[in-house]
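Here is the structure we will look at.
Think of it as A, B and C in the order they're written, each chain with its own count starting at 1.
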Amino acid sequence: MSIKLGEVPYKDRVQTGIEDDFMRQAVSSAQGRFRNGRLTQAAELGNWEDWRELGSEIRTHTLQNLDYYLQQLSDNVARRGGHVFFAETAEEANQYVKNIIKKKQAKKVVKAKSMVTEEIGLNKALEEVGAEVVESDLGEWILQLDEDPPSHIVTPALHKNRQQIRETFAKKKGYTGSDTPEEMAAFAREQLRQDFLAADVGVTGCNFAIAESGAVTLVTNEGNAEMVTSLPDTVISVMGMERIVPTWEEMEVLVGLLTRAAVGQKLTSYITAITGARLEGEIDGPEEFHLVVVDNGRSKILGTEFQSALHCIRCAACINACPVYRHIGGHAYNSIYPGPIGAVITPLLEGYDDHKELPYASTLCAACTEACPVKIPLHEHLIRHRQIIVEQEKKAPTAEKLMMKGFAKWSSSPGIYNLSAKMAKPALGPWTKDGMIENGPGPLKDWTDARDFYAPQGQSFRAWFKQRQKDGETS
Amino acid sequence: MKVSLFSTCLSDILFADVAKNTLEILERVGCEVDYPMEQTCCGQPAYNSGYLQEAKQSMKQMMKAFKHSEYVVGPSGSCVGMLKEYPKIFADDPEWAEEAKRFAAKCYEITEFLVDVMGVTDVGSTFKGKVTFHSSCHMKRILGVKEQPKMLLRNVKGVELVDLPMEEDCCGFGGTFSVKNPVISQEMVSEKSRHVAETEAEYLVGADMGCLMNIGGRMRREGKNVKVVHITEILNTH
Amino acid sequence: MTIENREEFLNKLASRLGRERRTEGVERPQWSVTPQEEVFKGMNQDELAEVLEKHCQVIHTTFKRTDRAGLTKVLQETIEGYEGKLIVTSNDPRHQEFGVAEFFEEAREQLDVHVWDPAAGKENQRIAEQADVGLVYSDITLAESGTVTLFNNKNNGRSISLLPKTFIAVIPKSTLVPRMTQAAQQIHRAQAQGEDCASYVSFISGPSNSADIEMNLIVGVHGPIKATYILVD
């Protein structure tokens, strides 16, 4: 079980992303639209910073009292006829769900889009016990048919174009229509409708659990989560343990932040809160409801300086604001959580060994921090990661360590600094032409591979200033 | 008003004109300016790379250098932004926590200082040309200085200021990012260069030499004929 | 009903948080800001109706306004527009109140109306799946987002608003509130007084849609393809 996508080295993944013209065009235009949507919504509210502050306060309070609210939630789910399972690991969570599938002798499982089930590798686990698993979110369904991982947490198939999708439909489902999005969506509707009706079990994620009622809130535009929770007789919701709010009032605030920040909508077409099993006389909804609360490494983050990373409501605003993501795409992060939030939480959940490049895949421009609707200081977390990689994990390159030692000496000794200011121009002289360096030595080489470097203009400012003072005194 | 100039190491060593212009502008608006010779670098290259201990050494040097200053003013949103982070960085250091707070409170980026402290939005300069402005990330997001440079630019006689598409986007410099992730950095700066070219401006103006040497170096490599200037050059032309 | 592995799990969280387990006495703090209270504050029902009407354009939903006397005519036109033959609807006292029951009776020849019937079991779903139109009454209507709130129950199945090809919501003007804040407050207050929420609360804002193929907006994916709101004064 792993949130890692594969074994391709970082440099190669970046290169693959950069060479994928369609993906880059698609990501760039999607980012533009999402970003404009978010900014338009924020402007319309007029006091967006107040909203972010409120979001942040709600998340902070909830995480600080997470044990209390999870207890309240589980009590209420049970009171409303549901079962709750607390899973410390992905394996425990999968095993619990597998047991239900076996007990129910379920043949078909329909799923609504869920990042946490991606994270724990639930689909694979369920296929092991012989269940057919069908993803019902259009984007997820496309990826499932094509056996491709998501590249974005809100629009998972962003990297695919319509011709690719048509081919996948044709190959896997015998589709013979055109590649217009409308026709393909109609085909998906027809196919998946049969799956919904035939499914024995429905599996969902959870956007926000509401502790006071034991409700699980699901946010979609397609209506697939509603199908998944209404038609099968058994429904299993899997939630990351931090996806919880105290009451309906906080759910409302966070849902509004989520839909605005994610897709620029005031609300999505469907926001649904499902509480426990169906009541006496009700036809729709599960007669058996299970809630699986997943830790899977999250508790390691709790109580640390990274705790606010658990405030994330998976809106992808940081991803949509990130210029690095725009150029390399989601797969380059090699995690089901890409972009800035992915670079922060992936090493926390899975360690640095496989993900040590991620904290450096950022210019620290802070566009992510600015976009985050619950004020996670994402770029500061990336710096903290770098500190850990350098100081605790000792994974920094030797040359870099030496350079930084030199830096410390240089910048804390005015004498050495002075000397370097004096020496910079003559030292770079051999490489300098018309005040520019086009082919630099040593550490300058990576720079001058892509751009020219400015040689020192003349004497240093401090030398000039000293001269100016002297001239002033003598004149 | 007594002001200590924080040249930034980059301007001190590579772009001395930026520091000279800053000094002259400050004097022109009536400040008495000194230049503490003990100053070095704000520590950002080490801090952003994860070398906290190394960074702290230069930060302490900076606090010592400006200990007696009333105001510290520098021509870089990014470097001044770093100085403003000192209180957070030294919060748990009993020896330096108080000094870090005092220090950060007196630090200003030059356009911020002119507009917010001196109340000057027109420095009385003249500069002929069509310019576009790159707002650097740390200046607007960490320091929170957004409108001040544009206010000053708009009041320069002869300047035609045109919007830069995707202005809010990073240029791909990111300090050591540019050499640690050269491939991505190149894509980012090429995109920025395209946007600059689209404006058909003669000058690209910015308030951070780090970004400007990245974009300028790229545009020169691409053979684009756009002049890259620090905002202080425009504000000091008269 | 079972709760498994809870104690160990929650004890660990408390220990990570560096304190004893909290099992009672946690209160929500006073938030420093409450912007959600300010949106459309003080607007009357007519002003909210305007907000709703305007937002219906954004969510691809047809908006119609009428009064109690005109409702059946508007309803009839809307159903005809949707080429509705088979209608599924909730077993709702508001059918009488708004004269809709009478209309169904009169239109018996042209319309096959299935009123949700708990005794009919899964047959309800099969009919809803075949239905041309699902017809419901909004319990709370959120002006800002164009949202119909439904407290589903045994007489008002979720399938009604979900499975048919098209969706019609009758919106009594009195159900209009500024935004989701007021709906959430209402449910919260009831819950705090020991009144459990519905097993299924739906907040529906127009027809289903998706932008998963090349970011093209497609209206009508899994749920209804078209939607009409009829506001009744």
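In this text, a contact is a pair of C-beta atoms (placed from the backbone, for glycine too) under 8 Å apart; a residue touches a chain by one contact, two chains touch by 3 or more.
Bear in mind the structure is a predicted one, so any value in this text is a computation, not a measurement.
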Chain whose Cα centroid lies nearest the overall Cα centroid: A
Farthest-lying chain, centroid of Cα atoms versus that of chain C: B
Rounded Å distance, chain A centre to chain B centre (Cα mean): 31
Centroid distance [mean C-alpha coordinates] between chain C and chain B, Å: 53
Chain B-facing residues of chain A, complex: 11, 14-15, 18, 323-324, 327-328, 359-367, 369-370, 383, 385-391, 396, 400, 404-405, 407-414, 417-418, 420-421, 424, 436, 438, 443, 446-447, 449-462, 464-466
Chain A - residues contacting chain C, complex: 26, 29-30, 33, 45, 47, 50-51, 53-54, 57-58, 61, 64-71, 74-75, 77-88, 92, 96, 136-139, 142, 155-158, 161-162, 165, 181-182, 184-186, 188-189, 192-193, 196-197, 212-213, 215, 221-224, 226-227, 229-231, 241, 246-253, 255-256, 263, 265-285, 293, 295, 299-300, 302-303
Chain C residues within the chain A interface of the complex: 1-6, 8-14, 16-18, 21-24, 26, 28-29, 31-36, 38-39, 55, 58-59, 116, 118, 120-122, 124-125, 129, 142, 144-147, 152-154, 157-159, 162, 179-181, 183-185, 187-188, 191-192, 196-216, 218, 220-224
Contacting residues of chain B [partner chain A, same complex]: 7, 9, 11-17, 19-20, 23, 35, 37-41, 43, 45-55, 57-58, 60-61, 65, 137-138, 141-142, 168-170, 172-175, 177-189, 191, 213-214, 216-218, 220-221
